[in-house]
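The structure's right below; bear with me while I get my questions together.
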Amino acid sequence: MTTAINIPLEHVFFLALILFLIGAFGVLIRRNIIFMLLSLELMMNACGLAFVAAGARWAEPDGQIMFMFILALAAAEVAVALGLVVQLARRFETLDIDRAEELNG
Amino acid sequence: MSVATMFQAGLPYLVLTSGILVVMIGVAIKRTHAVAAVLTIITLLVTILSHILAYGALNDGVVEITSLFKVDGIAYLFNVLFLLAALVVAFLGSEFLNQRIRFKEEFYLLLLCATLGSIVLPASVHFASLILGLEIIGISLYAMIAYPEKARPPLEASLKYLVLSGVGSTALLFGMAMIYAGSGSLEFAASLPADGSIEGQYLYLIGNAFFWSGIAFKLSLVPFHIWTPDVYHGAPSIVTGFLATVSKGAVFAVVFRYAIEGNVLDSGSVQLALTLIACASMVIGNLLALLQTNLKRILAYSSIAHMGYLLIALLLVESNSAFGYETVVLYLIAYFLMTLAAFGVVSVLSTHQEHELNTIDSVSGLFWRQPIAGVVLIVAAISLAGIPLTIGFVAKFYLFLAGIDGGMWFLIGALVVGSAIGIYYYLRIVFTVIKKAPDDSEAFTGLPWTGLGILTFLGVCMLVLGIYPRFLINLIHNVVQIAGF
Amino acid sequence: MHLLWAIPALPLAGFLILFLTEGRLPKPVVSSIGAGSVGLAALLTGYIGWQFVSSDTTEFVSSSWTWMIVGDLDVSFRLWLDELSLVMVGVITGVGFLIHWYATGYMSDEEGYSRFFCYMNLFVFAMLMLVMGDNLLLLFLGWEGVGLCSYLLIGFFHKIPEFGYAARKAFVVTRVGDTFLIIALFLLFHQVSSLNIQDGLLFARENMSEGSTINTIICLLLLGGAVGKSAQVPLQTWLPDAMAGPTPVSALIHAATMVTAGVYLIARMQDFFLLSPTAMLCVAVVGLVTLLIASFTALVQSDIKRVLAYSTMSQIGYMFFALGVGAWSAGLFHLMTHAFFKALLFLASGSVILAMHHEQNMFKMGGLWKKLPVPFIGMLVGSAALVALPLTSGFFSKDAILLKAWKNDSDFSTLFWTVAVIAAFLTSLYTVRMMALTFFGKPQSEMHELKKESLWHPSRIRTVVPFALLAVLSIAGGWLGFEFTGRLFDDKGVHAELHFDPIALLTLGIPFAGVVVGYFLFASDLLDRRILIKNRMSELVSKFWGSGWGFDKAYDTMIVNPFRFIAQTRLNRNDVVDLFFKLIKFLASLFHHILSMFQTGHIRWYAFTMLGGLLLVLLTVVWI
Amino acid sequence: MSLLWLIPLLLVAGVVAWLSERVRTTLPNWISLITFIVATLWVTVVWFSGPDTNGLYANWVQDWIPRFGIDFRFEVDGLSLMLIGLTTFLGVVAVVSSWTETKTRHGFFQFNILWVMAGVVGVFSAFDLFLFFFFWEVMLIPMYFLIAIWGHEDKEYASMKFFLFTQISGLLMLVAIVALVWFNASSSGSLTFNYFELVNADLDSTTAKLLMLGFFIAFITKLPSVPVHTWLPDAHTQAPTAGSVILAGILLKTGAYGIIRFVITLFPDVSQDFCVWGMSLGVVSILYGGYLAYSQTDFKRLVAYSSIAHMGFILVGVYSFNKLGTQGAIITMIAHGFSTAALFMMAGSLQERLHSREMSKMGGLWVRAPRMGAVTMFFVIASVGMPGLGNFIGEFLVLIGAFQKSIVLTVFATIGIVVAAVYGLSLMQRSFQGVPNPNVPKMRDFAFREMSVMVLLMIALVWVGIYPQSLLRMSDTFVSMLEFVS
């Protein structure tokens, strides 16, 4: 087996955290539902990265397995999400999520 | 651990999964509501029965299926509870679908999938199985919430739930990753940092912070509660019932497992965080419901408070895990009954309306217009308020016992304050139900007998278990004992 | 053994019958029950009294069931008859019967005839319990009972609000006195750990030292009770208003019996008072002050019944004074005689008032002696006794008191005596004034022709009999009680053996002086009465006296009005305490609204709060 | 047959009454009336047949939730029997008093009345703290329904207030109960809710004080005493006649009963230290209640505040910690039950006739309805504390007992008697005496139905007044058990 290039765990986690936050801000600032979902994906992948890094630390496959889980999961979620997006476009005639605020109080 | 025992112990999961396949194929072959419904119900019943067979495998209390699952009596108890709830939802759902939905059959698939996810959780002792179960529930719920076509609220609710729970899940995952990074194992039992290094500690703590935040979202605990009313409000009330009971119950079951196996509460800071969250949920949840006029939103806020109450049992884990478990199980049973009854009433009453009833005024004088539903709603409200004669009181009694046993006087104070506020709005429901019906109100006639039958059943359960809880209590006690806590 | 229990039982039975039949009985039956029950009681009293006097026992006792036994407290319905109570019982049943008898005529036109006798019988019963109870609790039962009946009877004409007010005033003011009494009971029980009167007296004789503080306190509390019931200063204000009741009521309750309960109480608790000079002094002073104030007030009243009311106050003042200076027998003697002549006076005035169609203002009367001979004679006799002209009953008793006062060896005896004598003089003054204004002079309003209802029509002749009997008693009562009351206390009775020293002569002379002066002032035209009335000084004085020395005004401004204000203005109609709970409610809903503001429905805001929450949790976990 | 069958009897009768409405609308009234009469007779029979060797009239033990040592533990001693008798008797009064008042839903109405009574009987006979609390809460629900459904104009507010006050204070008691049990378990090792074992639980004084407060607050809220009394006037004013009768006649007594039976027996020492506070609260209630009673213009409200004053006497009596005081408190409970029940029934009848409780709309009613006048007079006099009637005995014993403890407080309490006279008589004056109010219509006087009950109540009061020994004897066994540090 090849010896992995040794990147300190902190760095990777830092990167993951940054990705996570970028995604979070995306969710916060973008009105368009599509972009929101994109940012969500970004956050998911941040988690994936973190898992991989963690797995690398202990030289175990578990991290990568989890990453695959996450991919599958994200795919499923997006599948449903896009269906909902279509419905949103139908029923609210917009992709601006802020227009969907009828439920409140 | 022989493969045979594993299979026997895992029987319920296999049965339910194959049941899902059967229904799917059935639907694929021919769309018939009746068939789908019957198949679903049969599946659920068979799954429930399969537990009897499976229970034989637990001769020494616990069976580990790979490192992902650790099946024991408690897990089965939870399973049966969830399955029964699903059964109720299936029954009531069939009526709801009959009225307003064009494509009915998929609903059952989603329901069964969600149920599968929920019965995966109580037994899982591994982050992988945890996330798996959670997401199966979540994804099927997105679809279930948005199920009614045309109407806008369900869609909005579903989108909100999807995006926000997406954020929640990511927090959860990120937390897991860090915990894993700290401990080197994805099993709950080994989640404590392997090396006592400061770095490991930090990873562990931050990881838990993320993890619990994600969980708190799923359980809609303050400050992650804010999505709850909108989703409850928008979703069809029968789905809300499922969401409020099964998904929450399952999550609670698994985090309880995590808390026990991983001794999370040994770290004082996590404990503190949970305590604060619990107090905040009890008080704020009830305050939010105080003057709310929308029935479903009231129940949403009250569910926030109830999850807060339940945390008391969770926090008992590190001193007296056995009684903590008993409390959780009993409280969840009570909570399932009350919540399902409440939402059940709403959905049954909405049978002939084109829009679902949800304002509190729509049930005014219900006691005189539709006695059965009225009585059940009254009983549910009284039970939620934790007043004797109903199982809600027994549950609250357990909480007090747990709190005092753990010496958590602060939490008990919050519990008292919370329940005090709670009584007010539950009683408002009762008053609305018994007050003189407005003259323009039409009587609820021709309600489906299945619906009313189920409601009556739930009501009777609440009362009987409230007045004579002896057997239930002993059952739970024994199961917990056998499971070796 | 003997029928002691039957004495109170009879009027009680009468009460019950009348109460349960709700006035469905015909009037003759009612009167025979109402008056008859008391009459029988009177006869029985006579019989038992004779038994008692002839027997050598010191008391008759008749026990019935246990009232209550709790710890040390052990009281039962036990009747106790000794000389003291015998006198009282005699007065109550005897005078009571005569007044009932008279009332059968007097009240015959009023509605609620049955109700009237119902209350009257209840009163007699209660009064008997008061004087016959062997323990203080039973006494208190009677004490409150008579108060109740007085309330009911003052407000008998309940349609007239003023009467209702008078009734409530009477009840509440006496209640104030009663509180002192009941606290005295508590204190006694605390000391003696028994409420039995005889035990108490025994305890006092044996365990209490001369002038011990606790004993003095007890006595003063008892005095407080007595003052309330007997309309003495400072709780006297209710009595004049009490005249709102029908005249027989005034005669029985507010002259003959109830108001003398205080005297009885003090006499009954003699042994305590004997040990406390201070208390005795207080009793005497209270008596004297009342005596003076009441006499002066009576001097300027225009309402005939009010005159009599104030005179009653003053006469009871005499009794208190007597007790205070240790003239126990004399006091009781005066109580008895006073019962006779004051009852007579009231009945007579009642007849006048009835004949005048409920006109009570003396200035509207005058010259009635021809028209109303019988009341006139009655009045005359009564007044004679009141001013204590020799050989009338009043003479003996009042004389005895004055002599005792003189012979009493306290530092103030002279002063006391002087004041008492002055008061005696005043008594004759106002009595003469009353007679003059009512019966002499020229008629101020033309007298209506006596109608059929008038009391003096032959058909009502029955009312004359009790009248006559009372008149006889007020003359002869002197000799009657003379010997007997002597046996009450060991204070050598009321034997006025030294009737020829100057003091005696003076006391003898005072009434005459009063009468003479009074004649010149009010009856004769020799001096112009206008001098007296016209100048401002006397106007002020008479105004002040007329208002009963401004006690009412003072109480109103000090107590009644403030209480009314804080209570009846909407100040606190609904309960300040509730504000606290309202505040809680307000706060709760306030927080509800604040928190609800977060539920905007904007998904991005929701996400934001969640991340905020995440941050919070992080901070909590990592930095705490 | 054990007297405890009373509870199921009442419960079943309730259901039957509810269903019987379908047959005939007047049937429910008859059913519950007969039930209560039978119950009362039953109690009387048991009363006269005397206690068994342990001084009990009935007892029944059966385990309920063995997991926590919770039993069905019913016992009826003299004290309980008295109160149960009061309950059933006032049940008759309540039913009769609202015979014609409820226009609709007689069935459910009677159902609630019967179930409240069942709950109360349970409270008076439960000797397992869990069981006690169970009944304590259960009796509230039907009571709530009575106010909320058949109440007057402001029923929502009133019923809600009533329920919140009692429930929240109940929560405190629940905490106290559980904590007490838990501490007892950790010290003695046996987890049990059995009253007789908890009596000798050893607690350190601080804990005991806190737990005692938990019970105390719950009970004085029910009693009620200042400062937690404010639910009572509203609840009384708004409740239907039967509701007020039950509320004032019996439910308040459960509070007093709780203090006597549980607070001072479970926590004797701390209660001893607490007694000054208890008495002071009582005195404040007496004076404040009396003062507010006088301020009222609403007949029912006045009576309501007057019962706050009367309940004050109970507190004073209990916390004077001697036989006299305690017995006085017990007698007050009974006598006040009778007198106030009657006054509320009167208020109800007046409202039925005049459609108003405002005394400004009354006046001179004696002329219109002499019987009602006389009856009211009787009960006003009784509640003013006239010797020879029940209330006096209670108040006298309370005061004479309190005098042994604190002279000052007793004097203040005694002033309350004067105040009582003031408001009592002004009530009489404003409603029945004075100039007949011209716009009062011709008013139906009491007929046989009302009169019969009233006469019963009068007899009862006189009986308590002149032969209280018969009651004192009943409660003596219990009162003697309390060890009083003199």
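Going by the order they are written in, the chains are A, B, C and D; count residues from 1 in each one.
Here is the rule we use: contacts are C-beta pairs under 8 Å (C-beta built on N, C-alpha and C of every residue); 3 or more make two chains touch, one makes a residue touch a chain.
Since we're looking at a predicted model, the values are computed, not measured.
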Per-chain Cα centre nearest the global Cα centre, belonging to chain: D
Distance from chain C to chain B - Cα centre to Cα centre, in angstrom: 79
Chain B-chain D separation of Cα centroids, rounded to whole Å: 43
Euclidean distance of C-alpha centroids - chain A vs chain C, Å: 97
Geometric centre distance via CA averages, chain D-chain A, whole Å: 65
Interface hub residues of chain A, defined as touching at least two other chains: 24, 27, 97, 100-105
Residues of chain B touching at least two other chains: 159-160, 163, 167, 229-230, 292, 424
Chain C residues counted as touching two or more neighbouring chains: 596, 599, 601, 603, 607, 611
Touch relationships between chains, expressed as pairs: A-B, A-C, B-C, B-D, C-D
Contact footprint of chain C on chain A as seen in their complex: 24, 27-29, 31, 97-98, 100-105
Chain D residues touching chain C - in the complex, by the definition given at the top: 226-227, 229-230, 233, 291-292, 294-297, 322-324, 327, 364, 366-367, 370-371, 374, 377, 381, 386-388, 392-393, 396-397, 399-400, 403-404, 410-411, 414-415, 417-418, 421-422, 425-426, 429, 432-436, 466-469, 472
List of chain C residues in touch with chain B within their complex: 588-589, 591-593, 595-596, 598-599, 601, 603, 606-607, 609-614, 616-618, 620-622, 624
Complex contact set, residues of chain B against chain C: 159-160, 163-164, 167-168, 171, 202, 205-206, 208-210, 212-213, 216-217, 222-224, 226-227, 229-230, 269-270, 272-273, 276-277, 284, 287-288, 290-292, 421, 424
Interface residues, chain C side, partner chain A - complex: 596, 599-604, 607-608, 611
